[in-house]
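Same chain, two partners: subunit A is paired with subunit B first, then with subunit C.
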Partner chain A sequence: MEPMLVARGVSKLFGQVRALNDVDLTVGPGVTGLLGPNGSGKSTLMKLFAGQLLPDEGEVRLLGGDPFREPRYLRALGLCPEQDKFYEELTGHAFVFALTRLHGFGAADARKRTTSALDRVGMGEYGHKRIGEMSRGMRQRTKIAQAIAHDPPVVLLDEPLTGADPVARADLIDLVRGLGAEGRCVLVSSHVLHEVEAMTHQVVFIRFGRLRAHGDILRLRALLTDRPYRIHVEVDDPRALAARMIALPHVQATSVVDAGTLEVTTTDLDAAARELPDHAAALGQVVRRFTSPDADLESLYRYLISRV
Partner chain B sequence: MADGRLPDQIHAVGYRRHVRKRRPQRAPWPIARTLLVLAWRRRATKFALLACGGAVLIAGAALVAQLLFRRLLGASPIAPTHVVGSAQEVFAGFLRGQFYLTAIAIAVIAGGCVAEDRAAGALELYFSRPLSRLDYALGKLLGAGLVPLSTLVVPTLLLWLVAVGVSPPDLGAELLWLAVPALSAATLGTVFLTATLVGVSAVGQKARTVSVAYVTGMILLSAVGEGLCEAGQRWAGYLVPERDLRTVVDALLHSGMPSLAAQLVPNRAALPNADVALSLVALLVFSAGGLALLAMRLRREVTG
Partner chain C sequence: MSDPRLPPLPAGHDLSAAAFWWSFNLRRNLRKRSLKLWALGAIGIYVLQVVAGRARPAELGSFYVLILPPLMGLFFGSGVVREEIEDQTLTYPFARPVGRHWLYGARVLASAAPVVALTLPFACLAGLGIGPQTATGYTLAALLSGTAYTCLFALSGQLIKWPAWFGLAYLLFWEGVVGRVPGFLGRLTLSTHLRGISGLPPPEGDLSVAWVAPAWPTSLAVLLGVTLVTLWLAGLRVQRKEFVLTR
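The block that comes next holds the complex of A and B.
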């Protein structure tokens, strides 16, 4: 399938600062998380895809076209920027309507799409409210509504969950997943890692303007062979299990954390997960809990950003 | 079908709606509309429009009164223009006063047209749409331009129609010709005010700051220009936009009916062509300066 967003050898300079450095990236349908610390180049990459910046080197493609030089390709794009203090005097409906019309829709069509988009983000009944009177979460939802009102195949969301309360966050996560499930290409930039993890397993890591990693969280983690996984296992007799586990070739170390918890350090998480219940059963023990603090997105993120 | 007859077979029942390809709407109007919707939500906008409307009503009332008075006393030995002035003077006074009122109105209504977009980060939203910088600029110019169009051009046209409608027969021909200089002045004023205001807004950050700076600048420019001009520095007269407008209008009047020119600008001799050309150039340079500021700002904001 044709990738929907492509960056080939893209570099962007702001004066002496190289915000992006030789980035090669393709993003296809589904939700992809764009991760990196502040100043890593996430927003610059988003702006390049949104046709607001021209790369100094390389090329950017949105559905095969240059979004900067050929603005017609932007009909296929919905952008939800991080900024949230737009026209305070406008109502949510008027705001989304005005921006939807800029995609070339007539007034009646744009009105229908505005109502539908506001309903979809749960703002249907607050459409008459002025943006200045809205909570931050409501503004976020209104911003997302303007990004999806024209039904774009590509959606860029820059920190879409900022300011949303827990219920709204859960709703927005569902909404983003829903957009991805519809076959749209959704690129989400966020600092809240567990929320990105709830939306997708496809991630892009950027640091110092360079692409550090790109792919499925678990598969990326598996590629970090020089960094073993820690596993916490809750059993009745951790010492006995430790003695059996240390004999396994992929287990590097075991240590008893407390009377009921064993920590196993392994280079192969899948093998450990497969074999551990058998070894416990052979000892007549039941594994009550099995967790790995190193297999989640946060651990991967920490590892990738800590290596310069 | 060897016999050439069609077989009895139903292929489909009902009809399919013909899907027409959607023709994209032009972008400048939605941009202008948003500008006006935003402005309409501010109380200052309503006050500004009310002031402009009041001035139009006063001028209209004066004009009607004069023309009716003249019509009634047309045959009287009392020269009516010496009693209540002339219709042309009302037009000249109206255009002069309305130009400054419109400068205030456009500053209040559209002062933030670009400045607010920059401050609020709305440019990011605009340019993630299939818009060119030209579309955006045209939208803002259209939105801002509708203010002087409705407070300067349309009222001038209305006043002229009223004047022609109620004028006595002997004045009809002169008043007909008055449309050319009056509407030209209003149109030139509209172009000047729109371009300069949008240019100032492009370099400002806050709507209120832009409005205050624009009106203050206009007043200062006029005061300094007039002052220097009276002190003998003739070149300074070209710095006063309203004076430039008057010069151009006077020239248009002179090119038309001489009797009317004499009534409207009784104390001024026929203007040399160079003065008129320089006044026109001054107005166009001001306007071009505004447009250049807008273009530079957009270029900077959008390409990063």
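The block that comes next holds the complex of A and C.
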């Protein structure tokens, strides 16, 4: 079966500016984070998948169909756009209801789905409030509700956490993970890396309109063999451990950060993780904590966007 | 063959979605403050004319068939889609499984409805001052006038960068000047055919003696044709064009 979202050799120009350049990408079920600096082409890619724009080169497919020329394929799509724009005079319920009706549901069914979607995003109590009177976070949740009310297999969320307070963010992260766990294809763009990391380990990096990387965060990091990992190890005597670790072939450097923390620079994270407890035990020490500041999404992101 | 993961749509979905979108946009239009101002003007002029005792039926008929509908049609028609681009809400309907031309048609007719609603009753009342047959002619003409002008100016909004200026120039020069010319050239204007439908008197001026109203079936066909062709052309344009709201 074809992946749910496909971009083949997609380029998009706005005048002289090449917003996307020969992008090949397939996205399947589950949550995928779309990352890149401002102006990298994330929203353009979202709009192409949503049938809002046409590629200048290549083709875009949504469940095998052209979302721009064959609007019936948009029945499979839930789009939460980036812009904070609404029919301000409507209530949240009326807004979601109207857009759900356009997916082919009768009034009673659409009303039920609207109520359910608003409940799911935590807006059940506020559905009858006018959108113009809502806080940014409530507007954002209402926008997500209209994207999921019709139960689409593909959901595109462009910066969905913008404006949400910390509690709402946590709720929305759970919601996004839940959508992915239900087998939907969820493509979510965000600038807040730790939030994307909380939603998924599947990521797509875009920079200057080009696809820089696509896959699992840890696998991607492991592929970057030209850049060693730093490991922070909390032990009683970091100096003694440093002397043993430096002798290992994959360890490039060691340094004592403080009285109880050793930093090891290694080219093989797995080997270091495997061998470190044994070396510590040989010295009669116990590893209290083991972390790698270079194995997280932020580190990967910084590294990828720093490469031209 | 469609992907089995694609949820099905009910039969006749485009039409039913367009009907819903028409009523949705009509309700939004009726809430607009600008419509209330136009209503105040349309009703006010009628009341003033009647209260002042100067209400000559043909003059009132002309106002509600030939003057107010094109002005309102320009005001409400030329902003179709452009308003949604400006307020960036176009994304929402265009991300739905409905042909864009259906959504456009529904939106234009929802803009034409208030124009018709504010002119048709007064055109009918003005016609009743002469007789039932005239009232029928004025009513039908007001209906066609509001719809045709709104559709025409909505098309101009899709093709021209400054549709309001185009509309004003069109009304002043084409309808205002060319519409007074007898013969073939005059028949290229909507106002000539609206006179043909309504039976309103010929335009004032030196050429009025030579002015002959077209037969009403011809005028009816022309006005319906203009309405349908402008809707179709603009629908085609909207269907094929990509609208860049933000980059």
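We adopt the following convention: the second predicted complex is superposed on the first by the 307 of 308 C-alpha atoms of A that agree within 3 Å, B and C clash if a C-alpha of one lies under 4 Å from a C-alpha of the other, contacts with A are read in each partner's own complex, and residues count from 1 in each chain.
Here is the rule we go by: a contact is a pair of C-beta atoms (placed from the backbone, for glycine too) under 8 Å apart; a residue touches a chain by one contact, two chains touch by 3 or more.
Predicted model, so just to flag it, every value in this text is computed and none were measured.
Undergrad: With both structures lined up on subunit A, is it a clash or a fit for subunit B and subunit C?
TA: Subunit B and subunit C clash in the superposed model.
Undergrad: Just subunit B (first), just subunit C (second), both, or neither: which does A:4 touch?
TA: Once the two structures are laid over each other on A, A:4 reaches subunit C alone.
Undergrad: Considering only touches as defined above, state whether A:65 meets subunit B (first), subunit C (second), both or neither.
TA: Second partner only.
Undergrad: Return first, second, both or neither, reflecting whether A:51 touches subunit B, subunit C, both chains, or no partner chain.
TA: both
Undergrad: For A:75, is the partner it touches subunit B (first), subunit C (second), both, or none of the two (neither)?
TA: both
Undergrad: Does subunit B (first) or subunit C (second) touch A:16, or do both, or does neither?
TA: In the superposition, A:16 contacts neither subunit B nor subunit C.
Undergrad: In the superposed arrangement, does A:85 touch subunit B (first), subunit C (second), both or neither?
TA: both
Undergrad: Regarding the shared-chain residue A:153, is it in contact with subunit B (first), subunit C (second), both, or neither?
TA: Second partner only.
Undergrad: According to the stated criteria, A:38 is in contact with first (subunit B), second (subunit C), both, or neither; which is it?
TA: Neither partner.
Undergrad: List the residues of subunit A that touch subunit B in one complex and subunit C in the other.
TA: 14, 50-54, 71-75, 77, 79, 81, 83, 85-87, 89, 98-99, 101-104, 146
Undergrad: Of all residues in subunit A, which touch subunit C in the complex?
TA: Answer in residue numbers: 1-2, 4, 14, 19, 43-44, 50-54, 63-65, 68, 71-77, 79, 81-83, 85-87, 89, 98-99, 101-104, 146, 150-153.
Undergrad: In their shared complex, at which residues does subunit A touch subunit B?
TA: Listed in rising order, the residues are 12, 14, 47, 50-54, 71-75, 77-79, 81, 83, 85-87, 89-90, 94, 98-99, 101-106, 109, 146, 156.
Undergrad: List the residues on subunit B that touch subunit A in their complex, please.
TA: Interface residues on subunit B, with respect to subunit A: 22-25, 27, 30-31, 33-34, 37-38, 41-42, 116, 120-122, 124-132, 302-304.
Undergrad: In the complex of these two chains, what residues of subunit C are touching subunit A?
TA: 2-3, 5-10, 13, 16-17, 20-21, 24, 28, 31, 87-89, 91-100, 242-247
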